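Look at the two complexes coming up: chain A is in both, with chain B in one and chain C in the other.
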Partner chain A sequence: MAELPGQIRRMGGGISQLLEQICGFSRRCLFQVISMGPIPNHLAFIMDGNRRYAKKCGLEDGSGHKAGFSALMLMLQYCYELGIKYVTIYAFSIDNFRRQPEEVQSLMDLMLEKINSLLEKESIVHQYGIRVYFIGNLALLNDQVRVAAEKVMKATAKNSRVVLLICIAYNSTDEIVQAVKKSCINKSDNIKASGNYKHEDADSDVERKDMENQEERIQLVDIEENMQMSVAPNPDILIRSSGEARLSNFLLWQTGNSQLCSPAALWPEIGLRHLVWAILNFQRSHSYLEKRKKQL
Partner chain B sequence: MDLNQSMLLLSSWIGQIGGFGLDLLWRFIHLVVSLWYIVSGIIEAVESYAISLGLNKKYSSINIAKLRCLAVVVDIEEARDVTKVIELLQWLRTIGVKQVGLFDSQGLLKKSKDLILGTIPGSMLSEEIAEKDFSPDQNRLALEFISSSDNKEAVMKAANILLQRYLTSSHPENDKGENFFTETHLNEALRVVGENVHAPDLLLVYGPIRSHLGFPAWRLRYTEIVHMGSLKYMRYGSLLKAIHKFTGVHQNYGT
Partner chain C sequence: MLFLFSVVFTFLALFLIPGLFISRRLSVSFSLKNIIRFFKITASKYDDEEERNGKRGAMGDKEKRAMNRMPKHVAVILDGNRRWAEKRGLKTSEGHEAGARTLMENAKDCFAMGTNTISLFAFSTENWERPEDEVNCLMALFEKHFKSEMPYFQRENIRISVIGNRSKISESLLGLIEEVEEATKSYEGKHLIIAVDYSGRFDILQACKNLAMKVKDGLIQVEDIDEKAMEKELMTKCSEFPNPDLLIRTSGEQRISNFFLWQSAYTELYFPNVLWPDFGEAEYLDALTWYQQRQRRFGRRV
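Showing the complex of A and B:
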């Protein structure tokens, strides 16, 4: 009689394992079917709605972000199973530093914990051979988080199967400014090194002015090369959860040819059906997107 | 034919049948998706018609003051039909929108600027209104024509302005450019090259997909982006609904 609760627990565990295996098998069959059409190469996520989720479920502050992390791991698994090579996530915006200091600190602590967990043997990084990039103004992060991020980037530098880009202390306008800054400083160094710069009027209209030496001007390709996101192709799909219709300063430069999706679900509620829906819509629009790429 | 060859042939047939089966299933899923869009399109059309007739009281008054600047992005194929663009602008004028930016990636609408300004009474270029410092006029519609050259190319031109300033200034060898390259500096340089840096509150996309189609990135930070479908089949009720929904949005700007 004393063994009965244990037996029931083992049976329950066995049934849930079986259900998990059936779900996994069904999912892989579904992915086989979807893969008959074009699969996006790069998917980006804005993980919005963690705080609203915590409020909705009556959880304590910070628990929404933990639930959001679990949802993220699931989505990454689905993306990599489907063969999507690049996934970008908007983990923390520069604007988020303006939140309450306790919330910012709790987010930093959570990020430090999760970044360190990426280095563990059984983490998703090792399971899928993920190369991890941290994109953003890392100088704005505290030393612990920045050092952990740099460690993960170094440790995964040799992985090449799939890529995860984590945007942290990031926003698009800052990325553009940093790219312009790097381009200008590099160009300035080159000009000084070649020693043939002619003093020009600083505020002259550069369109009309006859610049004798094209090498003294920044070209668009210089700025593009210095964008932090240049390590990946432009996203094919950008998904923002919680139904909001704006990009909130995320990948503005890179999404001119991207399909934007806004499922109503809060981020911790996001699931396979939202991903599948976004991909089916991408497949419907694929020929139009390819035509646009050729025109650009 | 020996056993190995038979097995290879059999597995090849099974593979082909399997592939055919998967392809059929894929097409079936897309058929279901297409049917879903047809049904939701019909529902949307009926709702839009009801809104146009004033049957839905919710849309009878809109707090248009909240919409200071609206941008309309038009797919290049759709932008060739200037009459539909003019009709859309007339609807926006009726609703009370005061400032509209029109974008298409190849600048087709820029080329039709004179026709559009000549057809819509009270419309003027935004930059002319700013230069002549006109007082706010209830009937005036400020128009701005934007294309891809106002996006990345404009940032490149602004970068060259900043480069010139950096080269002509005296700064230490190990200067990291903190006093020359900030968002404020780039914003100002974009103004110098003739760009409007104001962010539209709402972006309406008329085209096959929901995408900003290369609208100037610098101006899109917190802009609400709404997909309106094809310009050819645009509906007044859908326009009213999109603007009404925007006026109810609350943003926390990341905080």
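Showing the complex of A and C:
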């Protein structure tokens, strides 16, 4: 008689495991069906709504972000199962440094903890062979976080199956300004290095001057290759949770032609159905966009 | 019991039947949310009319707060002209004509409601790839409207600026643009920015090139290049409010399509399903109501 509660508990555990397996199997079937259409190559997330979620559920302030982290792991799992190669997340903006110091500190502590956990054997990084990049003005972070980030980047540099770009201390306008500065410095270095080099294959003076001018002028490719986000192609879909429809200085250069989605769910509430809906919308306008790209 | 039931039923009918007609007119799905929204819109329409007609003296606190929540700069991507024409069995050029008419009407409404700057994405750099007769029709439309609307701009004191790459535009249109800009350059308070052959990336690139030239000529140092320096070189430097507060793209497509990239860092993005020629005062009020409910935090806590 005394064993009965224990038996029931074991049965309960077994049933929930079975349910999980059935869910996983039906999810994989769903992904197979969706993959019949075009799948985006690069997905970007703005993880908005953690604080509102904590307030809504009456939790203490920091736990909204923890719940948000679990939601993030779930979304990454779905994305990589579906076959999306690049995922970018907006973890911390340069504007967020202007929040209350306690909140900034607790966010930094949470990020340090999670970055370190990425190096563990059971983490998602090893499960899916993820290469991790940290994009942003890393000099603005405290030493511990920066060192941990660089360690993770180095440790995962050999992975090549899928890529995770974490934007931390990032602002798109800051990224563009840094790229512009680098292009200016590179160009002036090139000009100094070429020095008195004359274009001997030019036939006339005018042509020579043209070629020199061409080399001196900054081209679009110069800025693009100096952008930190050049390690990934432009995002196909940008999903911002909590229903706000703004970019908040995230990937402004790269999302010129991206599909923008803003589901009303707060970030910890985001689930499979929002991802599937975004991808279905993407598939709907994909053929038109491909035609336009071919025209260009 | 029967009496109570009939009262409740009549009450419901009083609300539901108008809702059916309202939803058809606005071509919006029939739902309680949209009915309530329609009442809010109509109420706010009358509020705005009162503000326009009545208040000449000092504005009270409430009115000041309401004015503060009006967007100073509204950007519009005019999408859906071709689909509108297709739906009605008309030619593409007629769709663009209808779009141009809607544009002038909406600009008048916008300025009347207190917006300072309106930017329009009239022609993007990518649009050169469209069929040649459509491109020619659009250029002819621009010429026609610049000529015909010049007296209106001068009467209403609206300053006109045209931003974009001017190298591919025809001589006659270029001449007209310069004439309109020169004639209206001293006006303040109302600014209409028309983006012709504009691309957000091209804007950032030309700003970068200008900065690079300045560095090369020794006017500034590389370390002085920051966000403010970039903003001073972007094409929107002609405006007092270079960054839009609200960006509206009609026809339901949810993309920025290389319009303001740098400038829309904190812009609220609104994507109504209506096609551009059908976008009228009611739809604009809808957008304003939506905008006023936004909590804009710019990354900080409120």
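Worth pointing out:
Criterion: the second predicted complex is superposed on the first by the 277 of 296 C-alpha atoms of A that agree within 3 Å, B and C clash if a C-alpha of one lies under 4 Å from a C-alpha of the other, contacts with A are read in each partner's own complex, and residues count from 1 in each chain.
Please note the rule applied: contacts are C-beta pairs under 8 Å (C-beta built on N, C-alpha and C of every residue); 3 or more make two chains touch, one makes a residue touch a chain.
Fair warning: this is a prediction, and the values are worked out from it, not measured in the lab.
With the two structures aligned on chain A, chain B clashes with chain C. Once the two complexes are overlaid on the shared chain, A:Q17 sits clear of chain B and of chain C alike.
Set against each other, chain B and chain C differ in how many residues of chain A they touch, and the higher count belongs to B. Of the two partner chains placed around the shared chain by superposition, chain B and chain C are both touched by A:K187. When the two complexes are overlaid on their common chain A, residue A:V33 makes contact with chain B while staying clear of chain C.
Contacts of A:S93 after superposition: both chain B and chain C are touched. Of the two partner chains, chain B is the only one that A:R284 touches; chain C does not reach it. When the shared chain is aligned, chain B and chain C each come close enough to touch A:V177.
After overlaying the two complexes on the shared chain, residue contacts for A:I223 are found with chain B and with chain C alike. Only one of the stretches 3-11, 57-65 or 147-155 belonging to chain C overlaps chain B in the superposed arrangement, and that stretch is 147-155. Overlap of the chain B and chain C interfaces on chain A: residues 93-96, 98-99, 172-174, 176-177, 180-181, 183-185, 187-188, 217-218, 220, 223, 244-249, 252-253, 255-261, 281, 285, 292, 295-296. By the touch criterion given at the top, residues 126, 129, 200-201, 204-205, 207-209, 211-212, 215-216, 222, 225-227, 229-230, 253-258, 261-262, 264-271, 294, 298-301 of chain C touch chain A in their complex.
Every residue of chain A that touches chain B in the complex is listed here, in rising order: 32-34, 36-37, 93-96, 98-99, 171-174, 176-177, 180-181, 183-185, 187-188, 191, 197, 199-207, 217-220, 223-224, 244-249, 252-253, 255-261, 280-281, 283-285, 288-289, 292, 295-296.
Considering their complex, residues 51, 93-96, 98-100, 103, 172-174, 176-177, 180-181, 183-185, 187-188, 216-218, 220, 223, 244-249, 252-253, 255-261, 281, 285, 292, 295-296 of chain A touch chain C. Here chain B touches chain A in the complex through residues 22-23, 25-26, 29-30, 33-34, 76, 105-106, 151-153, 155-169, 176-177, 180-183, 186, 192-193, 208-215, 217-218, 220-227, 249, 251, 253-255, going by the rule given at the top.
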